[in-house]
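There are structures below to look over.
Next come two complexes built around chain A: one with chain B, the other with chain C.
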Partner chain A sequence: MSESKKVLIIDDDRDFVNAIESLLQDSGYQVRSAFNGREGLHLAKTLRPDLILLDVMMTERTEGFFMLQEARRIPELRQTPVIVISSIYADQPIFRVSPEAGWLPANLFLPKPLDPARLLAEVRRLTDATCSPVTQAAGGRRES
Partner chain B sequence: MASQNPTDSTLPEKNLILVIDDDEIMRLSCEQILCKAGCRVETFGKGHDGIRRLREVRPSLLLVDIKMPELDGFEVINIVRKLDPDLVIVVITGYATIETAVDAMKAGAYDFLPKPFTPSELRMIVNRGIERWHLIKETQRLRREKEEVERRFITLVSHQLKTPLIAVKQYLDVMFFSLQSQLPEKAVEWITRSQVRLGEMLALIQDWLALSKIDRGCYCDRTANTNLSTIVDDIIQDQRQLPSAAALTFSVALPPGLPPVKGDRVSIGMLVSNLIGNAIKYNRPGGSVSIRAISGEKGVTLEISDTGIGIPEECIPQLFQEFYRVQTKQTQDIPGTGLGLVICNRIVTELGGSIEIRSREGQGTAILVNLPVAELQAEAQLGAALEAKSGESK
Partner chain C sequence: MKILKIPKPNLDLFMTVLPAFGEVYAPVKRGEGFVFAQPSRWSDVQMKYPRTILPPKKFLLPPREVTFVFNPQEGYRDLVAEAAKPIVLFGVHPYDIFGLNILDRVFAQGKYVDPYYMARRQSTTIIGVDFEPDDKHFAYSMNADFVESGFDLFFSDIGDAYLVLVGTSRGDDIVLMSGCLLQEPTEEDFAEYKRRSGLRRSAYKTRLELGELPEILEMEYHSKIWDEMGERCLSCGSCSAVCPTCYCFDVNDDLELVGRAGSRVRSWDSCLFKTHALVAGGENFRSSRASRIKFRYYHKQRGFVAEYGRPSCVGCGRCVTICPAKIDIVTVIETIRGERDESSSSVAAVV
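Moving on, here comes the complex of A and B:
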């Protein structure tokens, strides 16, 4: 089990964060949250989470993209699994299929609202992996 | 434009004017007068030379003589119109008849200057032409700006609409997942209904956003090309995991070497996933979904057919109407926005293809989508064909 795994949620909607935080805590994760990219990056550096849940469209529109690119330049965050969550691309089925890797170095893309069972399964899978599957070329894992 | 306040003697600076005239004296005097007035002037004695230059620069105005050897003024206008539709053309001629003037205007000239003319007449007419050019450019800029504002507005509004719905649905989803066993039966039932209704609302916003993007011409990229086989495989993998697809069999028959079709991955993905989604939604337990494609002279035809409930004949013509949904006992519990096929139809139309619905109530539905082959591919094929031909003739 993953009792002591740390998950960082970065999303500007406090209600959304509240719901997901509760779900993850009930499953034994330590959860911290940040409400913008800057705060999130700072927390990520100090907390060294086992996984980051990151919303792409925060107050500054596409803040999440930049935060993620920035995080990948920091050695200790380079391998941290990241699940990008968003409602903007939920209308584009391709994003549900395979997230583009080159410009979005995330491990997975999940549309909002999140399916609780699916989220827990993916968080477990990504935090249990001994080494993170993110590489420069193959950041986008297939969801299936 | 108004700030430049062009008057008879001073023309807005940096306006590039091209003069095409076979008469050297005419070229020199035009250059002198217009340079003095603050314009940049380039002159050409032959139509071809002027046109060649027009492929490199974007002047505000073209002065062109009608009667020239080789390429005459009318021919120059015809070519120039295609190169730069916004360029203001003023025709110069020694044969100042009403007929020539009318002909020049019909061909796309903005104004007409009869020879001989005074420096002041030339400046006045050039001035008017340049004003016109600035007006065209300003109008275009404002239109682009307006479109951009509208586009952003739609995206932003849909985001603002979705955000609270997502928060509410997320609470319900987590509550249902974590506390289901502790909730009274009625609460479970009502939460489930609320989740369904919120899901419908979110789907509606999503579809509405896609539709307004398509209508604004900022959804489909006609210059991109997409490999249908990959898209179909990805979407099948994705959708067959849906609970409603569990009791269905899928068969995919896409021939190897299918040429890429015109359109970007997102548009084609939206199209294919909507059609496969419908084939799953309106199916029956134990039914099947089959996807085939053939490549022909008129592009690639993708056929998505199901052995589902089918569509009553009288409903088929209305399927591409916004928010139309077939109302029968079998469809009443199937969620849908009534925009899916509308979106498909608009995407296909945008990409220059066609869509056809064949259905028999109680037996199933087949949707045939014809998509043009990507241009690059078409060119390459043409090139290969030509090469083969020249090989034969050798």
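Moving on, here comes the complex of A and C:
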């Protein structure tokens, strides 16, 4: 039942967070937010969300990448689905390393600007997947 | 050897692709010191640090490791496969890479290859970085201020960028994955590398003459210096723990109360410990502190030279920094060589 699913948004852009919060709450999700990686990690450990939406460029421009690595070292977050949402490829043209290359332990990478309908569909798909055996949503697996 | 460069502003992005090669450990600050640990963010990573408290040997020869378990249900289960977890050591100084190369001679290239060490070594990616020596470093004197092997990539500071030496095919894989973050160097970059190289060599304040040291140690075997050092040394073993090339270990079986299940545990030992040379029957071949500290110096500076052609010291200065009795290897060797006025001391006053 998607209505009871908990989604954690970690992004330093408060306007973006407000917009996504509204979108997800209107669709029946419980939503909590954090505005940097450390705060987000702390909240994730206590909240145990069904899905994390994670920005990359926050206090530091690679903060989301580092936070995700740290989250995967925490047993209770090792298999939590994560969607990385970032404009890093547009903002850092030197960084041409594909998220599909095997280094990013996220389930999905979505570029900003974001298509709300696509996001909602992916949130629904990944939170529904958390009802399945956890091995099917293992950390490090990329789905697109 | 392929040579590239990476502009310093690209380093944080470069670090984010390293997890594809294993768990990443880098020098981070802990209290007043530095340790190899997993950084939580890029700003945790210290590109300039004097030395870490423990050398990277802790990853290849852990302070305590279970090598196998046994119980009635599954019999014997070797844990060598679990030792082979891929890791990336980022920011390793050249003398520490040299230290690992020395451990390789003992554990990976000798008559008896250690499977646990080998599993870790083969699963470890090493990215080195150069450093500015402080007054405790004497790596230049130990020929360990630079390395030509033992790393996958090696970074040398050239100002706005690091020159990157690609040492292995795994290093090349990292370069390929990093795409445009690394670039072709210019003639000016090479010139700057050579200029800074010379500056680094001349920056060593502490230098040590190693010529004929094994012979001089032979001559000084009965010197009163060792007794005086025995008076001073606390036998705490700190120097062994922090040494990049000390590799003595003890092996014990931890048994459950019923005695039918347990595990075999290997843990660091030290030749400074009173029990190091204690054998069955209660005989102890090195029962005095003087004999133990003398053994340490003779093993590293004479025995290792005879066996492997060079001392096992790399000049990192950790033992000097950590010793609670303020014993300084440089001063000790200078005293043995007669380069210090022994009449002004007991060595205890000198060291």
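Going forward, the second predicted complex is superposed on the first by the 118 of 144 C-alpha atoms of A that agree within 3 Å, B and C clash if a C-alpha of one lies under 4 Å from a C-alpha of the other, contacts with A are read in each partner's own complex, and residues count from 1 in each chain.
Basically, a residue touches a chain if its C-beta (ideal position, glycine included) is under 8 Å from a C-beta of that chain, and two chains touch if they have at least 3 such contacts.
Just so it is clear, the structure is predicted and the values come from calculations on it, not from any experiment.
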Problem set entry | First, second, both or neither for A:D13, with chain B first and chain C second | first
For this session: Would you check which partner chain A:S87 touches, where first means chain B only, second means chain C only, and both and neither mean what they say?
Result: first
Exercise. Which holds for A:D115: it touches chain B only (first), chain C only (second), both, or neither?
Worked result: first
For this session: Check the residue A:S22 against both partner chains and state whether it touches chain B (first), chain C (second), both, or neither.
Result: first
Problem set entry | When both partners are placed on the shared chain, which of chain B and chain C touches more of chain A | B
For this session: Under the contact definition given at the top, report the residues of chain A touching chain B in one complex and chain C in the other.
Result: 92, 94, 96-97
For this session: Spell out the part of chain A that touches chain C in their complex, as residue ranges.
Result: 37-38, 59-63, 65-67, 69-70, 73, 92, 94-97, 101-105
Seminar exercise, completed: Counting only contacts in the complex, chain C reaches chain A at residues 10, 12-13, 15-20, 23-24, 38-43, 177-181
For this session: Write out the stretch or stretches of chain A touching chain B in their complex.
Result: 13, 15-16, 18-20, 22-23, 26, 57, 87-88, 90-94, 96-98, 112-117, 142-144
Problem set entry | Footprint of chain A on chain B - complex, ascending | 155, 159, 162-163, 166-171, 173-174, 177-178, 202, 206-207, 209-210, 231, 234-235, 237-238, 241, 265-266, 269-270, 272-273
